[in-house]
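Dropping a structure here in structure tokens format, bear with me for questions.
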Amino acid sequence: MKIGMIGLGRMGGNIARRLMRAGHEVVAFDRSADAVEALTRDGADAATSLEDMRVKLATPAIWWVMLPAGEATESTVFQIAEDAAEGEIIIDGGNSFWKDDVRRAIALREKGVAYVDVGTSGGVWGLERGYCMMIGGDDAVVRHLDPIFDTLAPGTGDIVRTPGRVAERADPRAEKGYIHAGPTGAGHFVKMVHNGIEYGLMQAYAEGFDILAKRASEHLVPEERFDINLTDVAEVWRRGSVISSWLLDLTAIALAEDEKLGRFSGHVADSGEGQWTIDAAMEEAVPVHVLSSALFARYRSRVDHTFGDKLLSAMRFGFGGHTEIPQ
Amino acid sequence: MKIGMIGLGRMGGNIARRLMRAGHEVVAFDRSADAVEALTRDGADAATSLEDMRVKLATPAIWWVMLPAGEATESTVFQIAEDAAEGEIIIDGGNSFWKDDVRRAIALREKGVAYVDVGTSGGVWGLERGYCMMIGGDDAVVRHLDPIFDTLAPGTGDIVRTPGRVAERADPRAEKGYIHAGPTGAGHFVKMVHNGIEYGLMQAYAEGFDILAKRASEHLVPEERFDINLTDVAEVWRRGSVISSWLLDLTAIALAEDEKLGRFSGHVADSGEGQWTIDAAMEEAVPVHVLSSALFARYRSRVDHTFGDKLLSAMRFGFGGHTEIPQ
Amino acid sequence: MKIGMIGLGRMGGNIARRLMRAGHEVVAFDRSADAVEALTRDGADAATSLEDMRVKLATPAIWWVMLPAGEATESTVFQIAEDAAEGEIIIDGGNSFWKDDVRRAIALREKGVAYVDVGTSGGVWGLERGYCMMIGGDDAVVRHLDPIFDTLAPGTGDIVRTPGRVAERADPRAEKGYIHAGPTGAGHFVKMVHNGIEYGLMQAYAEGFDILAKRASEHLVPEERFDINLTDVAEVWRRGSVISSWLLDLTAIALAEDEKLGRFSGHVADSGEGQWTIDAAMEEAVPVHVLSSALFARYRSRVDHTFGDKLLSAMRFGFGGHTEIPQ
Amino acid sequence: MKIGMIGLGRMGGNIARRLMRAGHEVVAFDRSADAVEALTRDGADAATSLEDMRVKLATPAIWWVMLPAGEATESTVFQIAEDAAEGEIIIDGGNSFWKDDVRRAIALREKGVAYVDVGTSGGVWGLERGYCMMIGGDDAVVRHLDPIFDTLAPGTGDIVRTPGRVAERADPRAEKGYIHAGPTGAGHFVKMVHNGIEYGLMQAYAEGFDILAKRASEHLVPEERFDINLTDVAEVWRRGSVISSWLLDLTAIALAEDEKLGRFSGHVADSGEGQWTIDAAMEEAVPVHVLSSALFARYRSRVDHTFGDKLLSAMRFGFGGHTEIPQ
């Protein structure tokens, strides 16, 4: 198929490359002429603007918007939609808030333009491993785009089949690495929850390794103090333990490089998806102690002290005359 | 009554003073001769050692140990017990771990020495306001000490009586500000839970004021940004709101002095009781998300970054090529 | 002053009564004719509709809307605004979401109609004790309404003044029990955080009493098992302890009536404010482990089991062959 | 090597089988004669008692105790030690508390008996996949037992090597699936943290799937409601997503069998290791919001309502006249 790729960052560029390697045609656009140039060398047709891209695409055009969520994606989607002919398809492959998808799809439907949201996991490894995709949109449109998704997905590969998975009842696309999760918004919703879980998993490992690391502390009595080799622990847990995972593989790689992780400041960013996951849970009255704690740990990592910490000290001084002395 | 007070710090000294003001006799001992001297000026009989104190106490002697929990209390209790005659009473008024009480009481019982644990709340305000006490020990012994506890407690004062409290069913001592909570250990157990709750209450206020304080952040859009006067908020909540409390009174005092709380570093200490409360909850399989979170917030306040934070960044770099930039 | 009160439920009716007792005039309207009739007996002027109310109010009219947040308040505010003359004032005294206030105020400003949001704490006790109020709106409008707020507030009463509170620097209204928190929305924002804190405080007490209650469990070894009188514990903590508060007073009342709390099912509702507090915190990147945990505990209280619980068992069966047996 | 296996349950029996398949000799004992008989059919030499086992073992004897943690393990270890000759080795392969290991090792050292703690992960899959082992003890003793551990471990297999792992710096045993974690206790310590992490990971998935499951709730407005196929979601996340893991594989299997997980009651047990992990963290002042929340969720799953829930309702009734109505 022929597809217009807007946004050639780490994700967009590699998605385009994986498509072209499989024989799809890509018309490419980015604010950065260098990024366009680089992709042209890999076989893409360069576009100098969205108007130029439309000329170069087939009719009706298929657009893949791969831009930062929020203003950039919003304005681009509506700019494309403004001149769009009936039957065109706009795919938002970024990390948009799923309610934005719902709103946009309704707005575009009036013009006969289809909107498809694709939550994409796989990061920098996707070009080689393939992308895990969660897709929302009208059934017919998603089916029409199947050649695209089939190319981008990892395929069944050598991952062991899930015992008990019955072909008739189960969507075969899931085993290839993509699903049609539901109507518009459902793709990004599932991807959002994926990221919410990701935060929780990461924080579980982080807390566990923290306990191991601080076991060497001199505050502990000698017979309860251990100087544990974290690199070897990460490695051994990859091998037959209940907590083996890809995130643990990444942990093992990072520790093997530097067990002190000295290049990292300890400030941890969060994209919006952790927050949206908590919002979704609250809408449903689902208790999410772990997912929220994981998000809050990141907030906390980015400040030296909270005002609340100081207030605790102020109260302690008030009732007990305690004066806090930094350790 | 006549009582030997060992440990004349902020708590011990004022407890002795409150006792003497009501006509009780106090023999006083402390490692610091200055502390003994100061209390002597307020009417105490000075002791130069535990042996000296025994000579100066009535028979059988009543000892009030008011020392830091752990080694100091432990060694003093057993040193007293070594030479104790049958019928002597050792009161531990500090913040001992309740299982230490249970163990000590069993050991002392063989010698005919009674052990009473008194959890004491009231801090630096106790001299004037009286001490709220939670007492563990044998019924007869606690009854024998009633004149002491009755003096130290705040008394009914002008605190409104709890409607529906029926005299026959309810222990009148509770309304005066002390209870016999149960057998040895029960006093410190109830006091421990008191402190666990205290941590939770404090953290609830801390988080709430944090939200108010950060509402002035420039990251927010102007119409959703408020520059809220925290001092006035604390004051107004003292007056008819559902969340009025003594801790809020203390918050109002601290903010009235300096709304920025600039004298506090943000490092918040914890005594053992928060931790023991979580231990007790886990023994009972009681979920304590709030009490534990309050404790962990204090741990977190005392380090710049955790190793876990760095591990999060390392994983993020691993799957997404993200590099964390301190803000 | 003369004020139109719309919504004569538990809160609205008593607010009207407290106003009338102080000499203010109230025109009253409610869907329920009985409620209007009851208030008329206490001195109110009955209105049969909003149109009728406008006729009976002074010019420009002052409206106090005291209805459930959401659709009821929204439609009433805009219905009043539709026919409003310049200079009229609409007060929303309910529990509206503060961003709804911001939006409404902007919409009404175009018509010259002022909008004031009043967050009110005090519950069923407000008629006698007065209401603690947090107010958002234009400064001149809030000043104009001062006689109303001054009447509704508790006044300084016999609550001890905060030491260090300097009259010149501090708003005297706070000591009377109301504050002008900021522009429109700020009133409900501060009230929302108040409720968020309230959830946290309540959960801290709940967890603490849970630990005390379960200490009598037969699973524990006899010397570590205590049968603690919770009624007396609540009572004693009211007297000189660090954790005394109004919520603790209410706890003492409830336990004095029935230590088993047998009339309560254990299902705990939440109004929107706990959720909105978490939202506000996430907008500001403030970690709120305690406030969120308190909210989630209520969610959890309302279901027998979560799907997540079953998934845990399914995983346990998967790796360990464990079969969960209900206890 | 020749080894005495005491305890032939799910774990002990299969460990013995894996050893025998590789040519090691096993003398087997269990309270259940049937269990002994079954293992004899697979090649073990039956022992009728510990005394009988000693006779049948080589000198000095090597004992592998695979019993429930606590009393069973404790009494067996000391019973063996009582008659042990110098140089004998007792391995505790169960889930003992690591401080019990420290204590036992000290006691046994006086008799010249070595104690080795082996934390074992792998569950019912270990016979075929091999066991991931974390070992504590004296270096020479652990080296002596290497043939045993080498057999039980999974071996390098086809798991991708960790890039950057440098042979000289890194213990080659980790890549085979076992580590010598440190002195006595360190093995069970690392295994304990492993289980703590496991609880956190499981709860993260549980909460995420809960959010997906409840998205079909009728309380939500239609355009924000999704009926998501959880089975396909679990499957697709196994393929190229950041959160792929063995626990997710197990989730996919369970959902493929029954997406409702109807055979599970929702009561979730916990072994002691989650609790001990929190204890260890508190000893080190490490904040562990996620690991503790995961544990508390299990506690909560096993009761219908907490006393604390009722207390919340009692307070709500107290200040607001709210009466909770079960939903």
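Labels A, B, C and D are assigned to the chains in the order they are written; within every chain, residues are numbered from 1.
Throughout what follows, contacts are C-beta pairs under 8 Å (C-beta built on N, C-alpha and C of every residue); 3 or more make two chains touch, one makes a residue touch a chain.
Note that this is a predicted model, so its numbers are computed, not measured.
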Contact distance in steps, from chain B to chain D: 1
Distance-maximising chain from chain A - centres being C-alpha averages: B
CA centroid of chain A to CA centroid of chain D, Å: 31
Whole-Å gap between the CA centroids of chain A and chain C: 38
Centre-to-centre distance between chain D and chain C (centres being mean Cα positions), rounded to whole Å: 47
Shared-contact residues (touching 2 or more other chains) in chain D: 123, 125, 203, 205, 207, 210, 214, 242, 246-247, 253, 285-289, 293, 296-297, 300, 302, 306, 308, 319
Chain C residues touching chain D - in the complex, by the definition given at the top: 10, 123-125, 202-203, 205-207, 209-210, 213-214, 246-247, 250-251, 253-255, 261, 264-269, 289, 293, 297-298, 300-302, 304-322, 324-327
Touch list for chain B against partner chain D, complex: 242, 275, 278-279, 282, 285-289, 292-293, 295-297, 299-300, 302, 306, 308, 319
List of chain B residues in touch with chain C within their complex: 99, 102, 106, 121-123, 125-126, 129-134, 153-154, 156-157, 159-160, 162-166, 170-171, 173-179, 181-183, 185-186, 189-190, 193-194, 196-201, 203-205, 207-208, 210-212, 214-215, 217, 219-220, 223-224, 226-229, 231-233, 235-249, 252-253, 256-257, 277, 280-281, 283-291, 293-294, 296-297
